[in-house]
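First up is the structure itself, then whatever we jot down about it.
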Amino acid sequence: MEQLTVQETQAMLIFVADNLIEAKEMLCEIDGKIGDGDHGFGIARGFNAVKETLNSNTYATVNNVFKDIGMSMLRSMGGASGVIFSSMFLGAGTLPDLAKLNTESLTSILREGLKKVKAQGKAKMGDKTMVDAYEPAVIALEQSQDSTLETALKSAVLAAEDGVRKTKEYPAKHGRAKFLYDRSIGIEDAGATTVSLIFKAMYNYLSTKNS
Amino acid sequence: MEQLTVQETQAMLIFVADNLIEAKEMLCEIDGKIGDGDHGFGIARGFNAVKETLNSNTYATVNNVFKDIGMSMLRSMGGASGVIFSSMFLGAGTLPDLAKLNTESLTSILREGLKKVKAQGKAKMGDKTMVDAYEPAVIALEQSQDSTLETALKSAVLAAEDGVRKTKEYPAKHGRAKFLYDRSIGIEDAGATTVSLIFKAMYNYLSTKNS
Amino acid sequence: MKKLINEVDDVVLESLDGFVAANHRTHQKVNGVNGVIRKAENNKKVSIVLGGGSGHEPVFLGLVGEGMADGAALGSVFASPDPQTILEVIKSAYTDEGTLCLVINYAGDTMNFGMASELAGYEDLKVETALVTDDVASAPKGQEDERRGVAGLLFITKVTGAAAEKGYSLAEVKQIAEKANRLTRTMGIALTPCSLPGSKPNFTIGEDEYEFGMGIHGEPGIKTKKLKAADEIVTEIIEGLVDDLVLQGGDEVAVLVNSTGATTILELNIVFRQVANLLKKQNIHIYDTNIGSFCTSLEMAGVSISIMKLDNELKSLYNEPAYTPYFYRKGNA
Amino acid sequence: MKKLINEVDDVVLESLDGFVAANHRTHQKVNGVNGVIRKAENNKKVSIVLGGGSGHEPVFLGLVGEGMADGAALGSVFASPDPQTILEVIKSAYTDEGTLCLVINYAGDTMNFGMASELAGYEDLKVETALVTDDVASAPKGQEDERRGVAGLLFITKVTGAAAEKGYSLAEVKQIAEKANRLTRTMGIALTPCSLPGSKPNFTIGEDEYEFGMGIHGEPGIKTKKLKAADEIVTEIIEGLVDDLVLQGGDEVAVLVNSTGATTILELNIVFRQVANLLKKQNIHIYDTNIGSFCTSLEMAGVSISIMKLDNELKSLYNEPAYTPYFYRKGNA
């Protein structure tokens, strides 16, 4: 089964950061439709800080890479998404040291992250938040424990993207969009889109690397 | 030679007021190009007050009709044009009582008004103000002393309209537009346009009445 | 929308620097983060800390000053500050009496202030939080705790700041904040959208329409309506406020008519004229009125009306002097 | 541009009514005309009367108050008040010490105030006029008397009001006004046009352009320029002001960064940051700073910067307390 070293994990996540920074305007536009239009700015701010940290540090464990990403986002982003998206990565802090990133360890990190996200934000599936993309993606990972990381991520991407599509169907229950009630139906959630882009970037990194 | 009674003079000037009130938007638009876009509002405010006064008073002399118009404008308009346009009519106050309006008496009233306008506003011909239409019109009246009021007014209208056209040629020296320097070239003066409309309305009233 | 800025990423810090330079006699920047505190320190009082996204100026930093707040933590435009920024402001403004954070009830703000309080707890600081939930349009009656916090923050900061200045304990100051919040309601409408620095307007409003129930982030309101006379719009808002606050004849209130940005004082006064007419008809007494730009949404044209019902305690606190760069009260009128 | 109004023709009166209702403890309407005066009368001081078109709020009515002006005469939007209105305000605010009218130098204002003074003279009232001519862009050096009066009115009213409050004679108060005017300069730029209630915008500015040298009536500026960074625009303005006022190292000044309407405090602070940087480099000391909306052009986005050079006399007058609905100074800083 494919494994990434700490350094390779770091490189993959720098690639993720670059991809999300590029999505800035698109994410602002989505947020603008039912939110306040700043999601892309926050995500770009966060992943710029992430890049800076990852580019200037070396790490002993995979956990520390993820934790440092989370702390960089928490310190730089602010907003609802600063807490929420940093939590996604900070979950790694509660796990025993991991020397490699593989399907199992990535799954455990992101499952812990999901717990933190839900503890902070109190959102459940169907509330039209990033959880709607994130939780299905984690479940897909859990159901792919026998697959390579690339294959596991592929199903996570599909699950996340499906989750994004579904956010169109219900009104928001959290974040600024919740005050729109039914007016938010028909528009996807910005944070869910970001989650799907994060999974997609990890997958693209691996598939390019492996081919 | 044709003469108007005091009552007829009053009726003619109510007609003038109606015409100027109708020009409100057009005058705002002209003023907006190089001024602050309110000339039509001021003129409409003034002539609405004029109408109200003329409709609820009877006068013993032509002078009093003109004076009351001036006072109504002065009280209601404000702005540069409140002083300037009321002066046009207030000149009548310095003349001996006039029982009829004819070419001679209208000429003397408007000549006195012109003096007042120039004393107040210090504008000369070529400064791109209402004087550029008003002074030629008065001169045209003076040169038509042997004509009927209708004919005299016709040449006054032509002189005023020619004056309006000429205001396009020079930069403003007074009013808000003067701060534009050469940028005001090419655009006619709002107040001059108003003057030409006043003369035109008087002429139209007479020519309709006489035909 | 064109703006007078340099780099988009520098907007908040440069603006804060300008604010501190202009108010250097009374205010100072918090080292290393986007925060500001009062200079003159009274170490014997509870400190009041505000915070939230930028773009609402003079809220939050402009409410820091004598008799009002002691510090403000600033996030990016329309984004809550991060926990570290909030923590540093709390620590810089901290006194032995503890700190009360007044937090407007948006998810980002409550989460970041929540984490900051947690961090402060690790350092044995006494930090309490009171939520501001004055925006009637954001959740129905019965779910008041779900409501957003908006311009009513001005009133809540006023009386809470006065209580702190008078030496109330942290628990007492918090009680005042909670009571003031319970007795304060706001409703807002918008005529135009706003745009984040470097972005296009984040929504549109038709040329003959307005948005009813706007939040303060340019997020769409709960209803789009046909524009009508100011008096009619005000009537709709006041009915909502009076009803939700269960105001009755004989009640005494403070009123805030707030521009969300481009709406002029000329218009705000017209709005207040109708507010005064309507409240007078119901024999509700207006004790004091504030008209101006207090809690804005960048350059959005719009207005919000806030009412705080005054009991004797709130009224006497309201009357205490206050001097900040954008709000003052000379004391007993 | 959508506005919160009822009938176009009622805008000024309704707005004035709202203002007076909100400030009824300190202000009252002048009977029969669109004017406002202070309630608390000190019959032993020269009274200061302002006036001009509406649409510049809080100028003029918002500067009426303790230590500032005693009355304001209001015209229609962007039109000077008529002589009768001015006369009634003069008479309502009149004291035995006489009245000084502070008049911004626009043709309409000078003519109407001129006629009002003439009428006041017939009634044996002592009325003097001082012109405000602070707008550098409106006429070249050497023709200072031709210049328009704009936001510098705030500073001139401040020191003149203080002089009156301190019991200076009418001649002395007028001298202060004239000196303050000689030492005050303003330059402004606009990013967007404005529109009179009930009208379309009265000009356009390209999406990547700004107007340099705007007056305060939305009349086009003297140059249209490509939009650039705030710091560069400020540099251009400050160079113009420092040059025209012949400021030198060691000089002390008061600064006003004024929004013409839709420009936010967030931006104004960025503007001031650069003002402070530039003046510091030249060793020009900023004694005090005001940042906000003081002299507006309806909802026009734009900014003006005013500088008043302070000598000892102006500085001590500047320091006197002042309390108006939209400007306060607590007294000696």
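All chains are identified by letter, namely A, B, C and D, in their written order; residue positions are counted from 1 within each chain.
Here, a contact is a pair of C-beta atoms (placed from the backbone, for glycine too) under 8 Å apart; a residue touches a chain by one contact, two chains touch by 3 or more.
In this text, all values refer to a predicted model and were calculated from it rather than measured experimentally.
Asks: Once the contact rule is applied, which chains count as partners of both chain B and chain D?
Replies: none
Asks: Can you list every chain in contact with both chain A and chain C?
Replies: Touching chain A and chain C alike: no chains returned.
Asks: So what's the Cα centroid distance for chain B and chain C, whole Å?
Replies: 54
Asks: Between chain A and chain B, what distance separates the C-alpha centroids? Give it in angstrom.
Replies: Averaging C-alpha atoms per chain gives centres 74 Å apart.
Asks: Could you grab the centroid distance between chain C and chain D? Build each centroid from C-alpha atoms only and quote it in angstrom.
Replies: That gives a centre separation of 28 Å.
Asks: Which parts of chain A, given as residue numbers and ranges, touch two or more other chains?
Replies: There are none in chain A.
Asks: Residues of chain D that contact two or more other chains, please.
Replies: Residue numbers touching two or more other chains: 77.
Asks: If each protein chain is taken as a node and each touching pair as an edge, is the resulting graph a line, ring, star, complete or other?
Replies: Its topology is that of a line.
Asks: Any two chains that touch count here, so list every such pair.
Replies: After working through each pair, the chains in contact turn out to be A-C, B-D, C-D.
Asks: Which positions of chain A touch chain C when the two form their complex?
Replies: Residue list for chain A touching chain C: 28, 31-38, 41-42, 45, 74-84, 120-121, 174-177, 179-181, 183.
Asks: In the complex of these two chains, what residues of chain C are touching chain D?
Replies: Going by the criterion above, the answer is residues 1-7, 11-12, 14-19, 21-23, 25, 54-55, 57-58, 62, 77, 191-192, 207-208, 210, 227, 229-231, 233, 257, 261-274, 276, 289, 291-293, 296, 298-299, 301, 303, 323, 325-326, 328, 330, 333.
Asks: Please give the residue numbers of chain D that touch chain B in the complex, ascending.
Replies: 9, 53, 75-85, 106-108, 111-112, 115, 137-139, 148, 195-196, 199-200, 202-203, 213, 215, 217-220, 222
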